[in-house]
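Here you go, one structure.
Going by the order they are written in, the chains are A, B, C and D; count residues from 1 in each one.
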Amino acid sequence: MGRSRRVLAPYLLILPGGLWLLLFFVIPMVTMLSLSLQQGDIVSGYAFTGHWQTYVDAVVNYRTQLVRSLIYGAVTTIVLIVVAFPVAYWIAFYGGRRKPTYLFLLLLPFFVSFVLRTISWRYILTDEGMLLGPLKSAGILPESFNILGTSVAVISGLVYNFLPFMVLPIYVALERIDPRVVEAARDLYADPPTAFRKVILPLALPGVFAGVLMTFVPASSDYVNSAVLGSSSTTMIGQVIQSQYLTSSNYPTASALSFTLMAVLLIGVFAYARALGTEDVMKVAAR
Amino acid sequence: MTQVLEEEETAVVAAPRRSRLTGGRALHIYTWIVIGWLTLPVLVMILFGFNDTPGRYNQTWEGFTLKWYGQVFALDELTKALVISLLVAVATAVVAGALGTGIGYALGRYRFRGSGTVNLIMFATMSSPELVMGASLLTLFVSLGVGLGAVTITIAHIMFSISFVAVVVRARVLTLDRSVEEAAADLGANAWTTFWRITFPIIMPAVMSGMLLAFALSIDDFVVSNFTAGTTTTFPLWIWGATRVGLPPQVNVMGTLIFLGGVLIAVVTSIRSRPRRPAA
Amino acid sequence: MTTGVDQDPGHPAIELAGVHKDYLSHGETVQAVRRMDLSIAQGEFFSLLGPSGCGKTTTMRMIAGFEEPTGGTVFLDGRDVTRVSPNKRDVNMVFQSYALFPHLTAYQNVAFGLERKKVDKAEIRRRAGEIMEIVSLTGMEKRAPREMSGGQQQRVALARALVNRPRALLLDEPLGALDLKLRQQMQVELKRIQREVGITFVYVTHDQGEALTMSDRIAVMEAGRIDQLGTPREIYERPATRFVAGFIGTSNLLDGTVESVSGDVAVLSYGEGERVLVPVSAATGVGDALEVSVRPEKIDLAQDAPTGAGLSVLSGVVTEVVYHGTSTNYTVKTSAGPDLVIFDQNAYSAEDLAGPGDRVYLSWSPQHSYPIGV
Amino acid sequence: MQSNLPDPSLIRGLTQRRLGRRDALRVSGLSAFAMALAACGVKGTGSTAPSAPAPDAVAKYWAGKTSNGKVDFANWPLYMDPKHPELKKFTAATGVKVNYQEVIQEMGPWFAKVQPQLAAGQSIGYDLMVITNGIQFKQFVSSGFLAPLDHAKLPNYKANADPSYANTAYDKGNVYSVPWTSGITGIAYDPKKITRPITKLTDLWDPAFKGKVGMFSDTQELANFGLMALGLNPDESTAEDWKKAAEKLKEQKNAGQVRNYYDQSYIDALGKGEVWITQAWSGDVFQKNVSDGTDFKFVIPQEGGTIWTDNFAIPITAQNPLDAIKLMDFFYEVENAATLAEFISYVCPVPAAQEQIKKDAAKLSGDDKAAMEAIASSPLVFPAPSDYAKLHYYVDFKTVAEQQQFQSIFEPIVLA
């Protein structure tokens, strides 16, 4: 019976989607790499010259934004772990029958468009707005105090927008812990903090790891939060890339920066994976 | 998202009683604070949909009105942007649903040479910055001299959605009892009938939640669309463009309606997929 | 083999001729089934019995068409079906996990096969109704599999296969997932249903009790080949190999050398007054080595030496006594070799026949000694 | 157009593939397919197109063009009454259907978006667009992306437009464009927060407003104010002047004066009290006051302000250019110019509209009447000659390299 058909089946199934990813993911990346080594301008056109200098110039010129983005990404990720872990922990262990309800409530805001949500924060955080306005008129804050335009606003926005991507993986990891394992630890003379440290934390670590993977990259490369909530002193590399592409039409520099950003992030991610000793990055990420 | 809602309800209380009274309560309050923080901007958005603002700038509270709900489609361009967003999202859900299901099914069902490469590319699409994906697509289209528009947006959205659908479907296929398919063959069904009558209906919930995910990713996407839209405007792009002069209240109204629609779908899906108790 | 059409009752329902199956696993060839010849008669309840990994499931899957033999031919009703795909074979299977279609109701599950055969609707309804009555599922038609108990799901799986009136029904450890009580109930039920529908059943199991109670014939398999093929009684009373003797029930195995032969009974001697009498064929002569199997329940245990001359007699010391409700099991260390196990029915004696450390005598009739591998 | 080409070999040199063997070796790690792509490069479009069209270009372009009864019009958001009364009127009068889309949000992005299609000679889906004078306008022209206008088809323009528009640096003689509307970049401030009157550009450097100053993120707008603060005319500035201006702006930034560099969202920031004083566009302030009842002041500083113009232009690949130019001219009918100005409150290129608006106001009563009269008398909608005297034009770039140099001088101020 159709042995050859059976062997071919997976390839036939993968073909359309795989072709799509090849055409619109792999090849564009190659095109971008090629474009980053070209020279010229948008009016007279670009030609391939293998001009590596573009990378050097781009990184030197925009090192501030590049470093800032990585710092914002890292701070966001750390804050996310701190904010998300207790929530995931409480829902996983105390949520009881209401677990799905709590998760649903956590996800609820994300039914609103990303852009709209972020803009909504602008309304809330604005200098004379519903948060600062009353505090200022009550004299608690000085008139010139502001949140918008600061790093705090940008990082808060990032934390806000990526929270579910940290809560869910940690929750899934914690939820899978057999409560009897914790009981066994208590039975074997571990006090609650020790049981937490020696049993729960190690078992939750894969979730944290997945969460970091899912938040660090998008947070570092984000440009919407900084554009909406930040100011020129919080400019992130994403904004620079976006503006090089979509305002200046300076494709080689933009491509070089994109590639640099991706390389830095991917190296970071894999180094992190190595450091944590997690071999199968993909499995964790795929969860 | 729906995946999470499908989590079975298991009443498990793990922590010891003592910490339940102390740490548990503090964490309970903390969780509600976080939920409140998350929900605040949504409430503000909904609230300002009822703002009786006299002009086109919707920024200070002027009083309650329902008039914007009556005039929700008064701005042609906004309406058109929303329609484009919906069309792109539906096309994305359907095509990415089909292509992603193919990949997910193949990865879950067969062992074959090259599956590692497919996994790697999927991982790459899911972990690459959206910005870089959008930018690289732009360079491709520019290099090929392809005009940008709804078609290129859809192409891009399908591209980044495929992997998510595939992952969701693969997870389901991996738990699929192979003997069910054999049973169908045994009862006289050929491969085609077996797939459509048996396998597909069983993995259907996963395909559906994959498609919903693709729909949600597409309708919410700003970054990739921004690079691939050309002269076409989607809902998020319109908002982005309009925000520099102030958002008209219709945006809040549409945002609210989309929000309610999403919530409704999620609730219905979670109720329908709730496992019924077995008889014995 | 006579020429004839499919319906010819002269053909065996299933015939395997020189069938073997090799797998490639980690670069090594594993012989799952080794050159097997097997013929299963029409209407027979046939069991493939063996431990896991013995090749019994592979054999069944080759009959069903899920595995293609590496070599040999599979006949169904005299027709070569070796390369016919499962959906075109006139056999149906009951899966170990039932493999019910979770999204279809009980009725839809049952009707599935007939729909594939394009049987008309009214006829499907009639036959499905009939078969669901036979398996006592009337009234459950609209239930989804997950809303049914294990036993009910089992019946759906059975009805789903039987409704097609297959040439043969293949059952792959169908009762494995049920608890003991239900399992025993279903064994009786299965046998009844088989009699009622008159279809050939091929039953794969690792449970010897199940195989013994239900089967017309049993093939005991080990490491890819059939060790013994016979009726339950033959298999139990006359195990052909050491493996069969050990696998089916409990066996006491004794090694010995033939001291003398009188008529068709050989005598193995183990010392003063201790002997084992074994019925043998004419070919056996003095000095031959024999391996003898004796079932534990055939042995009488007594404090005093038995008097009858025509009995096998051994003596030993009781090392263990375990009360089992219906019987008491004794382990006795004898000079004949390994410890012997004796089951004593608790029919008359309310008290133990002996306690640990007691010296006892064991005796049994010659017909209960069975030489293995002869 | 061929006749104007300086030297065919130069053109070839500019557009030819320049992939040599050594280059190929450098990227040898890439697949063959990637190499093929790499060799392609991005096709240029311009450099062959002269800044002035050939004498017969107009005739050549318009020859054989027929009306198709529809026009696709790309404009900026909120640049017309959302009910589109003028367009309805146009359709009723001519039978030409208008598909109006507010798809232009910034000039850089707009150029970046349509460039690929125009370069490929494909339609961008629009027959008419509104583009601001500035870098991208120049790029549109030098890439040969704009259709030369046939002034024989613009009788209303000829009759009613302010003649000064024919004399702009960016499009002398209105070869490719006619104005949609103009705006003035000046200073807006909130008199509730700032009690003293603002008159000078240098007030943006006043330490009293530390952290409450808004500047534009558009490098040209930003540079203009730096230049004018130094008493320089942007229109005539040199690279040396740019560096000085950049120093001046950095000084402002480093002193913590600037809250942020805004795009059009400055108006939002002003409304929310984020900034007290900011670079601003005239019409925005006017509309803000009208619609939100605020009382922000807009001033053209003593040192001068800049005037910019958003212009109608027809992309060279337009499908319905004849209908587009018809619509263009339609907006130069006095009545239509008046109703447009009534809604958007920017500088109207049709002087006679002022009288028309007064007439329209007379028909109204109460608040509406007052608002309408305010528009008619506003120097921001109809600036007096004395106002124009203070206004400067944008920096005019002679070459792409010059523009890139300019960009690299001012961009770091905005982005860091």
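Quick note on the criterion: a contact is a pair of C-beta atoms (placed from the backbone, for glycine too) under 8 Å apart; a residue touches a chain by one contact, two chains touch by 3 or more.
Model, not experiment: these values are computed from the prediction.
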So which chain is farthest from chain B, going by the mean of the CA atoms in each chain?
C
Return the chain label for which the distance between chain Cα mean and whole-protein Cα mean is smallest.
B
How many angstrom between the C-alpha centroids of chain C and chain B?
55
Hey, how far is the Cα centre of chain C from the one of chain D, in Å?
91
Counting in whole Å, what is the centre-to-centre distance of chain A and chain D, each centre being its mean C-alpha position?
36
Could you check chain B for residues that touch two or more other chains and list them?
59, 142-143, 240, 243
Where in chain C do residues touch two or more of the other chains?
65, 85
Which residues belonging to chain A are in contact with no fewer than two other chains?
27, 31, 34-35, 245-246, 251
Complex contact set, residues of chain A against chain B:
7, 9-11, 13-18, 20-22, 24-29, 31-32, 34-35, 83, 86-87, 89-91, 93-94, 96-97, 99-100, 102-117, 119-121, 123-124, 130, 160, 163, 168, 175, 177, 179, 182-183, 186, 192, 213, 217-218, 220-224, 228, 238, 241-242, 245-246, 251, 254-255, 258-259, 261-262, 265-266, 269, 281-282, 285-286
Touching residues on chain B, where the partner in the complex is chain A:
1, 4-5, 7, 9-16, 18-20, 23-24, 27-28, 30-31, 34-35, 37-42, 44-45, 48, 59, 98-100, 102-103, 105-107, 109-110, 112, 114-115, 118-133, 135-140, 142-143, 155-156, 158-159, 162-163, 166-167, 170, 219-220, 222-223, 226-227, 235-236, 239-240, 243, 247, 251, 255, 258-259, 262-263, 266, 270
Give the list of chain B residues in touch with chain C in this complex.
177, 179-180, 182-190, 193-194, 197-198, 201-202, 204, 275-276, 278-280
Going by the contact rule set out above, which residues of chain A touch chain D in the complex?
27, 30-31, 33-35, 37-38, 40-50, 61-62, 64-65, 126-129, 144, 146, 148-149, 231-233, 235, 239-240, 243, 245-249, 251
Partner chain D, residues of chain B touching it in the complex
53-57, 59-60, 74-77, 80, 141-143, 145-149, 229-233, 238, 240-246
